[in-house]
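After this come two complexes, each holding subunit A, first together with subunit B and then together with subunit C.
Presenting the complex of A and B:
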C-alpha cells in the first residue's frame, strides 16, 4: 500500500466528486474522481486503489457490477457503496457481494471520512486519519 | 456484530430457542426480564407492561388505548436502545414488529409442532384434542389481531421474517444452531446505513414515548435528528398542539428539527365544527 491512501471515487453526479474530493484530500488521501463507470473500470484495470467509493445507480453500469469487477481484479481493495436509493435488500446484497460498507445519501463528508478511516485501519494503514488533514495542510 | 430477533407461536419454544441461541453465539439476551427495569424507569406496574404485550386495550380491564400505546412505546424505546449495542438476541418483547428495515437484524419465526401443542393444551385443560385445536386457533387469531392493532403487522406473516423454522421437523437445538450459523452470513453484518436506520428508529421511539405520555394519535418518524410527527387535532387546536409537540419532541436528546403534520378525518372534523 502506498504511503497515502489511494481512493477512486465514482459517482455520475458531478457535485458528489466536487464535494468529497477536497474533503478526502484534506485528510491526506490521493483521490481520482470519475463520473463514468466505464472510464472508472478502465482505470481500475490499470491500477490498484486501496479504496473504491462507488454510487450504485448509474446508467452505463451499476455499482454492484463495479463492486464485483473490482473485487475480482483486486480482492484487497475495500469497496464502499453510496446510494440515494438505500433499501435493506440492496444493502444486504452489497454486503453479501463483499462491500466494505454501505452509506445512504445524503451524507456529510465526515460520515465518509469515518468509514474511510475504518477501511484504512482494516488495510493496516498506519495513517492517522483523524490528524492526517492537519498534518497535510 | 448483528442482532437476532426471534418470535414464536409458543412462548416456551421462544424462551428455549432464544436462550440456546444466546448461549451459542455469546450474544446478550433481551427478553421478558427487561420489563422489570422498564417498569421501574417509567413508574409503571410491570404487570401492565406484560399485559400490553399480550392483549389489546380494554377499558373494562383498566387498559385504555392511550395507556396501551404508551406502554408499548416505552418497551419499544428501551429495547431499541439496548439493541443499538449490537450482539443481542431478543424475544418476547415484540421486537419482530418494530425492528423493521434493519439489514443487520436477522428476524426469525419459530413454528411449533401444532399437534404437540394441541396435546399439551388438551392435557392442561382436560379437554379433547379437537377442542384444544380450537383453543389454539383462537389464540392465534387473537395474536394476529393484537399485532395488527399494536404495530399494523400480522406477526404470523412469513414475509416479515428472514428465516422460518418448523419445530415439527427440526429440534430446538438444531434450530438454535441454524440461527447462529445464519447470523454469521455477511449480509447480516452491520454497516453505516443499517446502524443509522436503527438510530433513526430509536430516536423516533424516544420521541413517541415522550409524546404519548400526555397525548394520543401520535406517529413519529425520524432521520438524522430530523423528526416528523403525524397526529390529529381539531382546526382550532392545531397551533397549540404543534407548539406542544415541538417543545416536547425538541427536548429529546438528539432531536434537532421537528415537523408536525396533521392527518385528520375531515368528515369527523366537519361534523364537529357544526356542533
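Presenting the complex of A and C:
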C-alpha cells in the first residue's frame, strides 16, 4: 500500500485518542488526535484528511458543525460520527447532512476499524486488517 | 481506630441533636397533640356554666340578705309597737299617779298600768336587752320595779293608814321618788323609741342599698363576663384564621398550645394538626413523584454520559488484549489504571443520580452551597449540553454555609435550572449565581436565563399548583409549586422577575443560620 490513509480523530475524552491512535496506526493509518474541536478545525483548515472521526457531543463545538465545516472545505473527506445510544436522532440528522457513517459508544477498536475500512474502500484505498487487526474480529 | 470511632460517635451525636425532620411532622404533631391535651380543661361551655352559677349564687345571696332584712324590719316594727305600748302604759301610770296626788283618786289604775308595762318589758326582755344592753336593761327593770313598789306602798298607806297622809314629809318623799323614777322611765322609754326608730330607718336604708349595690355588681359582672367570653372566642377565632392563612401560604408547622387551658378550640387545633399531618404526607409524596419525573428527564443525559467511561473501558480493555505482549509493563499498568479510573467515574455518575432519586428521610445538615450547586449542575450538564445550552456558575467568595435539607434544595435548584434550560434558545446560556442577599443573614441563589421571558399576565400564577405553559403531557405544573413549598419550609422564598423577550431570573432566598426554626413546645 503506497499511500497511508490519513485520519483525524476528534473526541474530548482523552482516553479515546490515546487508545485509538495506536490501534489505527497498527492498521497502517496515519492518525492525528484532537481533544479540542477548535484546534481540530484549525488543523483541518491547513490539511486535507481522508477520514475524519468526530464525537457529536463536545463542549466547544458540536460534531454536526464539524461535519458541515469539513464537508464544505473537503467534500471528498469521509466523516464518521461517534454518538451515544441516546442520540440516534442526531445520528440520523448527521447522515442526512452527509456523514459517511456513525458508530455508537461504547464500541470496540475493531468496530471503528471496520467502518474505516468501509470508508477506505469507498475512497478507493484499502487496508489489510487481517495482518494488523485483532484476532477476535 | 478507637480514636476514630470515638470522634465519629461524637459527630453523630452532635448531628443527631441538630437533625430535625422538616417534612415528617408525625412526631411534632404527636407532641403538639400531647401538649394541647395536657392542659387543664376549661371550655367555653364551662365558662358559661360557671358564670350562670355565679349569677345564681349571687342572686341567692341577695335574696337571702333581703329576706333577712325584711324579717328584721318586721321584728323591729313589732318591737317598736311594744315599746310604744310600754311607753304609753308608763305614761298612763304617771297620769294616774298625778291624779292621785292632785285629787286623791285611787292607785289601782296606775298599778295596773305599770304592771302591764313591766309585763311587756319582761316578756320582751331579750329584745330590750339587745337594744339597751344587759346592764341598762337591769337598771330599767329595777326602776320599774322601784316605781311599782312605791305605788304599792302608797296604796297600802292609803288603804290601811290614811292618817299617814298627814305625814306630808313621808308623802313628799314618796312623791319625789315616784316623780324621779317616773320621769326617768319616760325618758328612757322615749330614748328607746328614738333608738329603735333609728335602727328601723337604718334597716330600711340597708334594704335600699342591697338593691342598688346588687344591681350594680350584677351589671358589672355580666358586662365583664360578656367581654371575657367574646374576647376569648374572638381572639381564638382570629388566631385560627391566622393559622388558616399560614397553612394556605405553605407554612404547615403544627399548631402549638398558646393558652394555659384547653377547650372546644383545642379539638379544632388537634383536627387541624391531623390535617397538617395528612398534607405533609401528601406533600412528601408529591415532592417524591416530582423528583422521579426529574430523574426521568435526567436519565437520558446520564445514560449518555455513562457511555463515555464505558467506551473508554471498552477501548482500553480491547487494546490491552490485542497488544498485551507488545506492551511494556509500564503501559499495561497505565491502561489498567485508566480502566480503574473510568469504572470509578461510571460509578459516580450512577451514584449521583441515585443519590438524587433516593427517597430519604429528610435530615437537616449544614452544607456548602457551591458544592451543592456544582453537584446539581453536573447532574444536568450532559442533559443540558445536548440542548446546546451552557450553564455558568458563579459563587461569591466567603458565602456562609446553608443549613437545611440538602437533597430537597438540590431538587429545587435542579427544577429551576431545567426550567431555565427549557426557556432558553439553542446555543444560549443559563447563569447560576450565589451571593449574599439584600436581606441580612440570607443568601440568594439566582438562576438566570435569556430566553423568551414570562408574560406579565401569567407571572403571578406561575407558582400556583398545576399551572403550566408547557404542552400537555410535558409538565405537571407542579414544579414551581413544589419548589416554593420546599423553600418556604426552609424559611425562604422564591422570587421571580421577568422581561418578555429578554429572559427571566428566579431568585431563591434562604436564611443562613435561622433554619430550622426551633419549635417551642410549651
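One rule holds in what follows: the second predicted complex is superposed on the first by the 121 of 137 C-alpha atoms of A that agree within 3 Å, B and C clash if a C-alpha of one lies under 4 Å from a C-alpha of the other, contacts with A are read in each partner's own complex, and residues count from 1 in each chain.
One rule holds for everything that comes next: a residue touches a chain if its C-beta (ideal position, glycine included) is under 8 Å from a C-beta of that chain, and two chains touch if they have at least 3 such contacts.
The structure presented is a predicted model; accordingly, all values stated were derived computationally and were not measured.
J.: Using the superposition on subunit A, decide if subunit B and subunit C clash or fit.
T.: After superposition on subunit A, subunit B vs subunit C: fit, no clash.
J.: Applying the touch criterion given at the start, work out whether A:6 contacts subunit B, subunit C, both or neither, answering first, second, both or neither.
T.: neither
J.: Going by the contact rule set out at the top, does A:20 touch subunit B (first), subunit C (second), both, or neither?
T.: The answer is second: A:20 touches subunit C but not subunit B.
J.: Mind telling me which of the two, subunit B or subunit C, contacts the most residues of subunit A?
T.: C
J.: Quick check for you: in the superposed arrangement, does A:102 touch first (subunit B), second (subunit C), both or neither?
T.: The answer is first: A:102 touches subunit B but not subunit C.
J.: A:92 in the overlay: touching subunit B, subunit C, both, or neither? Say first, second, both or neither.
T.: The first partner, subunit B, only.
J.: Does subunit B (first) or subunit C (second) touch A:115, or do both, or does neither?
T.: first
J.: Please provide the least distance in Å between a C-alpha atom of subunit B and a C-alpha atom of subunit C in the combined superposition.
T.: Subunit B and subunit C, overlaid via chain A, are at closest 12 Å apart by C-alpha.
J.: For subunit A, which residues lie in the overlap of the subunit B contacts and the subunit C contacts?
T.: In subunit A, positions 86, 104 sit in both the subunit B and subunit C interfaces.
J.: Subunit A touches which residues of subunit B in the complex?
T.: On the subunit B side, the touching residues are 101-103, 185-189, 191-194, 196-197.
J.: Spell out the residues on subunit A that touch subunit B in their complex, using ranges where they run on.
T.: Checking each residue of subunit A against subunit B gives 86, 88, 91-93, 95-96, 98-99, 101-104, 111, 114-115.
J.: Can you tell me which positions in subunit A touch subunit C when the two form their complex?
T.: Contact set of subunit A toward subunit C: 13, 15-16, 18-20, 22-23, 26, 57, 59, 62, 84-87, 104-110, 134, 136.
J.: Using the touch definition from the top, list the residues of subunit C that touch subunit A in their complex.
T.: 300-301, 303-304, 307-308, 310-316, 318-319, 321-323, 335, 338, 342, 382, 385-386, 388
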